[in-house]
């Protein structure tokens, strides 16, 4: 296998299943369990130190729509860097481009750039999530319906996963800062601290988003309670207006000796009674501020 | 008692109550309280160091359907390994098979294989749980009913137990990694770290499942609020349509001097009035977007 | 005062208010504040080291029905053990019996036996609680009523208290294990660790019980939402069936020129109309799967 | 300024704004920020060590009804004790009385007595709270109404504040125990530990009270769900009883050729029909155990 | 660039994008990433030590109405202080005024004044929030409506943000106290501890406000449950009063042989029956204390 950039022993394996990985593992003495980790995906984000190299599992955003993540595995030795990922990962092209453009000549700086690119790629997703949540909040106040609920729920699921990944990445970056081994130059500490700030901010934003979604759920539920209340009021007002009229018409429909029977005076009396009853009920509910 | 594998002093006691255990305890100087722990099940997962051996209580998945666990007790000394479990544990057959197949010749490696097999056996259960939860989520959105609720509840109970067991196992494995004693070879550290990753992932998945179940419960409850709301709407629309008609028919049923009494004109007037009333109510609710 | 068991300077004070305690305090140089602690009950579970002795406040289950606890105070010196408790504590009789039966000749072993008996006495209570919760769960699914709610609530209260006591006892036992002082023989460590396992398990079970009760409460509340929904449905179906009939009978009751007036054809027509209306409504609700 | 007790340099400033405090600050070299702390109330409970003295802000219960707290500031030097508080604080009179009565001759003991009195004064408030919560629990089960809710809510508010103060005081007392400086005699450690136990118990009780109030809130809410359910049932039963009767009377009121028209047989038939209908409906609901 | 105050090398950059910042960065050897932090806002509050200077990101309250914050970046070296902020920040004018007024001649004291002013500016916002929450609580008890809910929700959002900022600032100030480096004089420790107390109190108040808002939400929701209950009661009472009257009038409207047909006795009987029915129903509900 030939290195990605000449003069730099950086090997990029775009297919974890390929025998190239075995070859590299043999050449640089990689541990079998870690090679297995590259192949059995997904793994949790982690860093592991071996005798002479550093092994890291990172999570890059694979599908921003569904918040799906994919593993990127890195082996950093004193004179080699091996990156393992799936072929169709656009994240890696930009890493390579940046490495060449900035004329990086140190392997630990390439390592830093990869971590930096991965964490940077979270940002647009966070912005998109903020928009989605903002839409949900509007929907919940204006026109709550079961679809909104399903949306809240689905977003919550994704955030649970994102939170876990970001938390794991935070540990990984923290680990890289604290590590005393000479594989990562001390001058990179401030750069990794910069990444650490980004990832902390990511975790905080995810937590905020979860709070906002919980709030949206509360509003959704109370909106329904409110609507049921409105429906009940309407039924009650209407029933209360109608029932006296039904009783009055029923009264004058009785086959008994009624006052003003078959007389226009009776009709006028009945109609006036019905009008008074209706107006009285409406005034009553008006005073109760029901409408 | 004869060892499981010749040349290896691994003793497997398939019945904790058998006198074989007492015999081994006497021969290798096992502490009486730990022998009692083997017999009084269930114990919490734990590791204990004694003068010259290591005692571990592990939890293997006994019944994947009901998420029931059973204890496996291990005593690892410099020159002996004693495993205690119930006879009908299929997990042990696979351990023995793997130990023989890989030509394991070190007792601490057998110890590792047992722990590894136990933790590996959690994976299919996690997959099954994911399926069950996915089914519940569908049921909750499509046709929520009290049975779904009972199902959510029962699954939650099981997860509480599983979470406790997995948390205990995490402590045990963490303990095995940190332990400085020479009973477990240092080269096994990376293997135990691998198990540790698995168990951490298990714990995380269980937490995620609990979140999902809580979400499903929220949806279930709000689905009911929604349905009550729908029922109320139907009753209200219907009542509001019907009551004017009842009043109109009642009005013309009064035994008073009515306009167009006993005339076809009256009938036509009444019918038209009823039609207008009905259409007006329906337009009103249409404008309110109730249907 | 004479020791409980000859040859062993174990003094048992069955009434904290008795002057015997003062006499012992004077003789063995007990601190006045700790003597006060014996008298002002309840105290929190704790261990305190003094110059030459160990003071422990333990909580034994006094009333298993109401989950009430009582203090047992222990002073363990190099050559004396003083236990202080209320006279009517059956727990102490069994301690004395066991101490005599096992021919205990060391004061720290008596100390261990007392702690062990106290923690062991939690187990039957936990079993009883499991039964009660199981009953509540059945009740909540089958016939939820406000009494069940009061029961859940009362059990929750008791568990809060039990959780606090068990948590305190866990700290006490943990303290006894970690303590470096020579009052408790090192060979007792494994025994205290055994008690520690029991008390941890107790705490875990209480936590589980609380989770189960919360779940039962959720089911209770959703059962009511469900029942209200059922009631509403019944009212709505019934109202929707009845109102067309009321309108039809009202229509033919109008004192207007009606088709088939006073004719049997009209009656047949009306009856058929009513039957069709009823059947249509029932089919409609059947299709909506309301019954 | 003259000391409170002759022979003891204890200065009590009953008005934080008075120039006496400035005079003392100058005389004993108190830090300006701490003098400001005495004047800008409220401060959080805290202890601060300065070059040669100890500064403590304590919280004493000022108004037991509203759970309002006031600051008491203490400066303890090797040869002076300055206490700063509001004039109308009855707590201080009892401190002075107790100090004189016990013939205290050490400044650190006076310091201890002040802290002890402050923490002791929490106890009657806790007892009163227990009574209030007990009343609320009864009210919530017997006659839930919005006033109860407001009461629960107001108590919750007070407990939040009390919890914060008690938590701060716990830190302060813990600090006083751990402090190695010679200002507080080592023989006082056991006394401060006694206070610590009290304050821990206070915090635990507040937590329990909050749990109880949350439980009461749950019961309150479910009581309303229950009542709405009862109301709905009544309406449904009554509607279901009445509607058949309305239909029957409507049927025989139609101006069509009816069987037994204008005959007593018809009346009897109608009445019997109505009776059967009513009884059938009542039996139906009886079987459903609705009443 | 000229210093803000003559004799003091304090440089104030009012526009992070200006080349002045680059010039200063070059002159004092500031790290590029930290200069970037000044330009890419918002950053999280933090302190970072570099070889020879201290870098701090602080959060000052930019818009008290919307609880919006803006970054203030500080670089403190042994002989320079650089502050970076947006031009329209009134907070800075008061810092400069205070620094000149108090004749500050040390850079670390200017640093302290800036932090102090920033944290002090939180206080009026906290007071305003307390007022808003108090208004919401009143609204929720008197006239709950969806607008109140939206208000609660919006305030909750703001508090989440404020909590995060205040928590970050607490870490920063804590860091400044613990720091051993000689850049901040030891005599400032007590001043920073004073700020620390303020910020802790701020965090506690925000937590309290969140609790209060949660309580207000509970009351809001239960107020709706209560209102629905009231509406249902009214409907039920009214329906129960009206239905007997409808049945009675219907009964006497039947075209069957009725007692007292077409007689005044019948009318009197019917009216009396209707009155008794109404009174009976009202007494029944009165006894149930429904009104």
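Brief remarks follow.
To keep things simple, chains are lettered A, B, C, D and E as they appear, and every chain counts its residues starting from 1.
Everything that follows uses one rule, which is that contacts are C-beta pairs under 8 Å (C-beta built on N, C-alpha and C of every residue); 3 or more make two chains touch, one makes a residue touch a chain.
Note that this is a predicted model, so its numbers are computed, not measured.
Common neighbours of chain C and chain D, by the contact definition above: there are none. Common neighbours of chain C and chain E, by the contact definition above: D.
Interface chain B/chain C: under half of the residue numbers present appear on both copies, so the contact uses mostly different residues. In this entry, chain D maps onto chain E through a rotation of 70 degrees when their C-alpha atoms are superposed, rounded to the nearest 5. Chain centres here are Cα means. That of chain A falls 38 Å from that of chain D. Between chain A and chain E, the centres computed from C-alpha atoms are 23 Å apart. Counting only residues that touch two or more partner chains, chain A has 225, 228, 232, 235, 239, 246, 250, 253-255, 258. Traversing the ring of chains that begins at chain A and proceeds first to chain E, the chains occur in the order A, E, D, C, B.
Chain D meets chain C in the complex at residues 141, 190-191, 193-194, 197, 200-201, 204, 208, 211-212, 215, 218-219, 221-223, 225-226, 228-229, 232-233, 235-236, 239-240, 243-244, 246-247, 250-251, 253-258. Of all the residues in chain A, the ones that touch chain B in their complex are 31, 33, 37, 43-44, 46, 48, 50, 146, 149-150, 153, 156-157, 160-161, 164, 217, 220-221, 224-225, 227-228, 231-232, 234-235, 238-239, 242, 245-246, 249-250, 252-255, 258, 260-264, 266-267, 270.
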